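Per-chain numbering from 1; labels A, B, C and D assigned in written order.
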Amino acid sequence: MTLTSIDATALESGVRSYSRTWPTTFTKAQGSFMYNEEGDQYLDFFAGAGVMNYGHNNRHLKEVLIKYLAGDNVVHSLDMLTTARTDFLSTFTDQILRPRGLDHTVMFPGPGGANAVEAALKLARKVTGRESVVTFTNAFHGMTLGALSVTGNSMKRGGAGIPLVHATPMPYDDYFDGDVPDFMYLERLLNDAGSGLNTPAAVIVETVQGEGGVNTARREWLRQLSSLCKEQGIILIVDDIQMGCGRTGGFFSFEEAGIVPDIICLSKSISGYGLPLALTLLRPELDVWEPGEHNGTFRGFAPAFVTGAEAIRTYWSDDDLQRSTIAKGAFAESALNTIVADHPEHGLSAKGRGLARGLEFTNPDHAAATCRNAFEAGLLVETSGPRDEVIKLLPPLTLTNEELARGLDILRQATADAVA
Amino acid sequence: MTLTSIDATALESGVRSYSRTWPTTFTKAQGSFMYNEEGDQYLDFFAGAGVMNYGHNNRHLKEVLIKYLAGDNVVHSLDMLTTARTDFLSTFTDQILRPRGLDHTVMFPGPGGANAVEAALKLARKVTGRESVVTFTNAFHGMTLGALSVTGNSMKRGGAGIPLVHATPMPYDDYFDGDVPDFMYLERLLNDAGSGLNTPAAVIVETVQGEGGVNTARREWLRQLSSLCKEQGIILIVDDIQMGCGRTGGFFSFEEAGIVPDIICLSKSISGYGLPLALTLLRPELDVWEPGEHNGTFRGFAPAFVTGAEAIRTYWSDDDLQRSTIAKGAFAESALNTIVADHPEHGLSAKGRGLARGLEFTNPDHAAATCRNAFEAGLLVETSGPRDEVIKLLPPLTLTNEELARGLDILRQATADAVA
Amino acid sequence: MTLTSIDATALESGVRSYSRTWPTTFTKAQGSFMYNEEGDQYLDFFAGAGVMNYGHNNRHLKEVLIKYLAGDNVVHSLDMLTTARTDFLSTFTDQILRPRGLDHTVMFPGPGGANAVEAALKLARKVTGRESVVTFTNAFHGMTLGALSVTGNSMKRGGAGIPLVHATPMPYDDYFDGDVPDFMYLERLLNDAGSGLNTPAAVIVETVQGEGGVNTARREWLRQLSSLCKEQGIILIVDDIQMGCGRTGGFFSFEEAGIVPDIICLSKSISGYGLPLALTLLRPELDVWEPGEHNGTFRGFAPAFVTGAEAIRTYWSDDDLQRSTIAKGAFAESALNTIVADHPEHGLSAKGRGLARGLEFTNPDHAAATCRNAFEAGLLVETSGPRDEVIKLLPPLTLTNEELARGLDILRQATADAVA
Amino acid sequence: MTLTSIDATALESGVRSYSRTWPTTFTKAQGSFMYNEEGDQYLDFFAGAGVMNYGHNNRHLKEVLIKYLAGDNVVHSLDMLTTARTDFLSTFTDQILRPRGLDHTVMFPGPGGANAVEAALKLARKVTGRESVVTFTNAFHGMTLGALSVTGNSMKRGGAGIPLVHATPMPYDDYFDGDVPDFMYLERLLNDAGSGLNTPAAVIVETVQGEGGVNTARREWLRQLSSLCKEQGIILIVDDIQMGCGRTGGFFSFEEAGIVPDIICLSKSISGYGLPLALTLLRPELDVWEPGEHNGTFRGFAPAFVTGAEAIRTYWSDDDLQRSTIAKGAFAESALNTIVADHPEHGLSAKGRGLARGLEFTNPDHAAATCRNAFEAGLLVETSGPRDEVIKLLPPLTLTNEELARGLDILRQATADAVA
């Protein structure tokens, strides 16, 4: 094969996007770094959109993965019972769910996050006999039709080619800068028999909106939302696909708020190694599926069970990772505040929680330029938000303090050059 | 962990299905066989629902996969350029598409088949500005909302919890046992401005309906369908997720009919090793996506690119596999006809094409009993069809003649015991 | 006011249609005739699209109407009790429903036929908890969103501006010229759990499709449809808006077939005088409405009750009108057959039942020209059918034999001139 | 007929409602009064839900109506040209539209208000190519599927039997008691590309919500809404079905705010005599209908044209009626405030504009009891609002000052007795 990667893009649909932001061909990756074909090193504060929480080719997980594959163990088996599946199920239940007081059953809805969301929405509708879902401004839940209908981004919605219905957007926390009492509108509509709001089957929410611009919901907002759902008999779905698996500190991002969602969606870092896996966790009383009523070919990818179980044993047997993430998050927050303070005339702001951090620009061009500068200086960061105006930082949770500091230094300089 | 696998099912959603059919815990797999924890061997005529066309832990692919992983190559990178991605793209284009006269561009819509279908439907609607889709009786395309709306099975549709709209079912080939001219109804509705059929954006079709009961469409039926779509300006989508990758002989199941679909969906065996991967192939003039208008986290799983490219090089550089599949298919057909002839009083019938074969019972209980008997005798086969009345055979294409004969012998005995 | 009527069209929306077909200003009308401002007389075989079954300004009805109005009786009162309402309800029940063995309750759904259809569809969905409706090719049920969704005409459907969903068209009687057994497709789809047809709440049907091209359903087809609905637990709605009130002979057009629909829609000639009124008749066990769950301002227009009750007393106390309609229908059929025979080279055909008659052309231009010629010769007839290829005859049932013969003579000449 | 009216209710669907509130049989009506069969007189502050703005059997209109009918003029003619139609069109355009600076064309969408709303929604969607509509809390627009989908009342929505989609409710003026800036939420959602709100084709609004509880929108709120629609390219539909025809003073209820809606819906009092008629007024550039793309049998009821034109000539040639309505409205407001002040402990409040007035109770039982008491004392008033907690006053605009005072006196006593 003599074709270059850039040439190969001609063979591919124009829908590709990251290869436009980072026009180089990556080949190796280890820990917090990726390397292109020329051997250039990139510090990765993107982490595969939150998939690589434990770093690329994590040594612990790599060992068990290769051993598993080398041993001719079952790779693919849908929802047949396998040793790997049983190990994952019991490890996840024993070390993650039960210690947190969660009695949820585990559903494997398919290989990706959108499958977890689709299954959650289907079940909420089936259980309640209602069809409408309350979403929040700037939500992102996926690209399949059900998941897309509860996603906010208008460009992505436009891709559906049909009217997206059955979802009503409500203001996310702080959407009005604190000028309006939380849930005033939603609560009023729910309690007014003449409001015209179809009583919803479910509310679906992210505790931190990654794609939406690293918007964080306060604990009390989440608690109020949970109470409201309980009072009204509405199923609360937390999409923890990007913010779970320790991204904000605790394994689940909602732990801090002390709430118990009815349904929880997980994916991205759940396998710990970039292997496709997704989970939909269900309060037992909601688990009214008939056998096979939802299925999917890649819903039991055994290598992902193997690395997923090992990741839990390695990182969630004690609270070291959680404490480290919170500490590094605080460090990052401080560094971002310094960048904000560097440029008072540009109205930047720092956002986020744990190691999900954002740097918001008033001018989206500055965000884009900062990304480009960072890339040239060897740092991978992407933008998010409805106008791509927020730089989103999702470094591996396992990065060293030195790597964190180095990345933030590059970002500081990249920002300075962008707004100059 | 002292929990048994059977105990672990209590931790899991009641939606699980295959573990009910085959109540044992699998651990190893090699070639045409799977093994449970007790070491019992099972000849696998299920092949992970058509994912393991090249057999379990295929030696050729295993070697490149482990080498790739051991070398700390990039595992996960969304749609960033990687060496593995470029190699797959150019290999697939050069060795599969272009030799077959297909100028399609390749889209990676997400990790599973439903993603490929969702992307196909979205694009067809976006291109045409129409929303309706023609499907066929007993179609199966997936469990996400868009894919489910074009799927026939009423139990699975019921899981949506909302009315599934925008799709109209038409009779699949031979739905009326030849009593009605092909496409009479569809063609008449399309040409009658008063018919009430919304002009469709697309027709989506499987050349052989695996889940629907191993129903095969004749070449001339597919050709007529293709012509009808061209005449009417309707996009033809072939879902080749289960029947592609050589299952019926040629790489694509539609080759034999000499048609060129506008959009082609691939998944299941495309990685060749059970690694989640899906493709949506687009005629270049339809590729009107904006960058990022459809995306998805696991849409570029590099290990799957590596095994997928190697599978193409290994099995599709010449026509050995294709010829072998056709020959084995003929053998299987003959063996199934023998089983049919064994029990003239029970109205069995043999169905299928290549190594996608079906044995249809008039009494679904007989099909279930045959499956159970086969399992006890060490053969994995599942049922399909709207009443689970068809035993579906999808052995690895790489099985030996002896394995094929052995499996069919077990099936013959299992059937005899079932109908006795 | 010196504005001419033609000038006044500039003040009106371009949606107007009949004033384009007949560019003259009508002022008076009596019995079977309309008169324009110049005093030209037109024999009316259009009858206000089936509203004037008893002729224009019918003497009997006029007398009671003017007396009612002159006496300051209640004109408008929604669904408050009035003397006029009670009289209509008891007269309709006693003289129309009960003698025909119908125990339906009467609902006043609003002033027009579309209201009757909307109410029928809403109730069928509420009762069954299902949402889908089976319609027939070339059906016409109205222009409001619910009624439009079960209407076939693609131009009219396009006016909705949103995808029309929840309805599936099935072939009307003889759609395939007898080549396919009746209901083969519908029955098969209903009985196949994998067909992809959402189980319908209701089937809605016209016994003769007026707007659709004067297509008639045979008695045995209607009986089969009724049986199928019963077997499957599907509500059968007969839209008798245009074909009821004696148009085909009996008061209800379905009497002849001996079926009892679950829901019946009436409007058009039910007031007998062109006064807006509509009825939805419900089998008592389906009448699960909550008080006020469906309402509407003009649902109890008292003058229409007065003329409606009088029309029943005048025309339905014996079977004279019914017999006369059947006899005149036979005469018309014979005359139309003569016209068909006049032009063997043009492939005309005669259609219809009772005094709903059609003359179908293969070339729609001939139908349009025939209409124009007829208008110039003093006869009002309109076209129908998906291509406006059928001349539809709906003369007042009360016309004389001489008027009928005269109109058919004009039509014969108009046709001859058109196809010449 | 010996059946009593009460007996006759057994023949009717349980959906009837007003006959439950007022269990007596009305027979005559004149001016501001209705009379039952026993000759009891009822002062009518209901006016047929706003249909009888000029009083029952209005002398001026009665004369032209009977003359028209007696003269065998055309009664029913769909949208054929008639002398009556031309007269109405030119009178309405010359005396109502043009003097108010409105260049709208007139569409006759069918006999009732729901038809006017359905046509407005269809056209807005067709023109914009968008499907979503913004509605307001407690809106009421009708019972057909399109109109119902933009109506707020949950009981009425439940009657649809299918999920009502394509509409998003926004807070009506003062929904949050002034705590939130007007349109803050709507404006923010429209301007945020990530909000998840489908860009609407149209906003539909009532200037005073009659059914919703006599909620009034301030002029500045309406002006802001109009500006917002213009800025965003959204079609503004004012449903003036109940509040137009002088109910609030000016002919159109929006005149006072100085706005020009893109589409205006009229019905109820437009014929002036209780004869079914509806109008949809369109800015000329929006009138993109194809001929016949929307139609309807009773869309040109000539007697309604006759009384409608005469009503305009009688009441809208000068501003007497407008001034009288405003003066009477002020009197009513003052009287209602007195009632409110009578019972400070019950938290009553007075609402409304012109002669659309409301008396809101905190306890809906008090509203119901007040209605009953009023009925017994010879006054017809109904309740509205999501909990039926508001007594709605819609007296004929032509009532005398004495009648107004008398009705308000009865109401005062009825209230006192109810809350005692």
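One rule holds in what follows: a residue touches a chain if its C-beta (ideal position, glycine included) is under 8 Å from a C-beta of that chain, and two chains touch if they have at least 3 such contacts.
Computed from a predicted structure; not experimentally measured.
Each chain's centre was taken as the mean of its CA atoms, and the one lying most distant from chain B is D.
The chain pair with more C-beta contacts between its two chains, of A-D and A-C, is A-D. Distance between chain centres (mean CA atoms), chain A to chain D: 50 Å.
Mean C-alpha position of chain C lies 30 Å from that of chain D.
Chain centres here are Cα averages; for chain A and chain C they lie 58 Å apart.
Contact of a single residue of chain D with at least two other chains is seen at positions 131, 155, 162-163, 166. Within the complex formed with chain A, the chain C residues making contact are 162-163.
Partner chain A is touched in their complex by these residues of chain D: 131-132, 135-139, 150-155, 157, 163-169, 171, 175-176, 179-180, 184-185, 188-189, 192-199, 212-213, 385-387. For chain A in complex with chain B, the touching residues are 1, 3-6, 8-9, 11-20, 22-30, 34, 37, 48-49, 51-52, 56-57, 62, 65-66, 69-83, 85-87, 89-91, 93, 105-108, 110-115, 118-119, 121-127, 129, 131, 142-147, 149, 155-156, 158-163, 166, 201, 267-268, 273-276, 280, 282, 287-298, 301.
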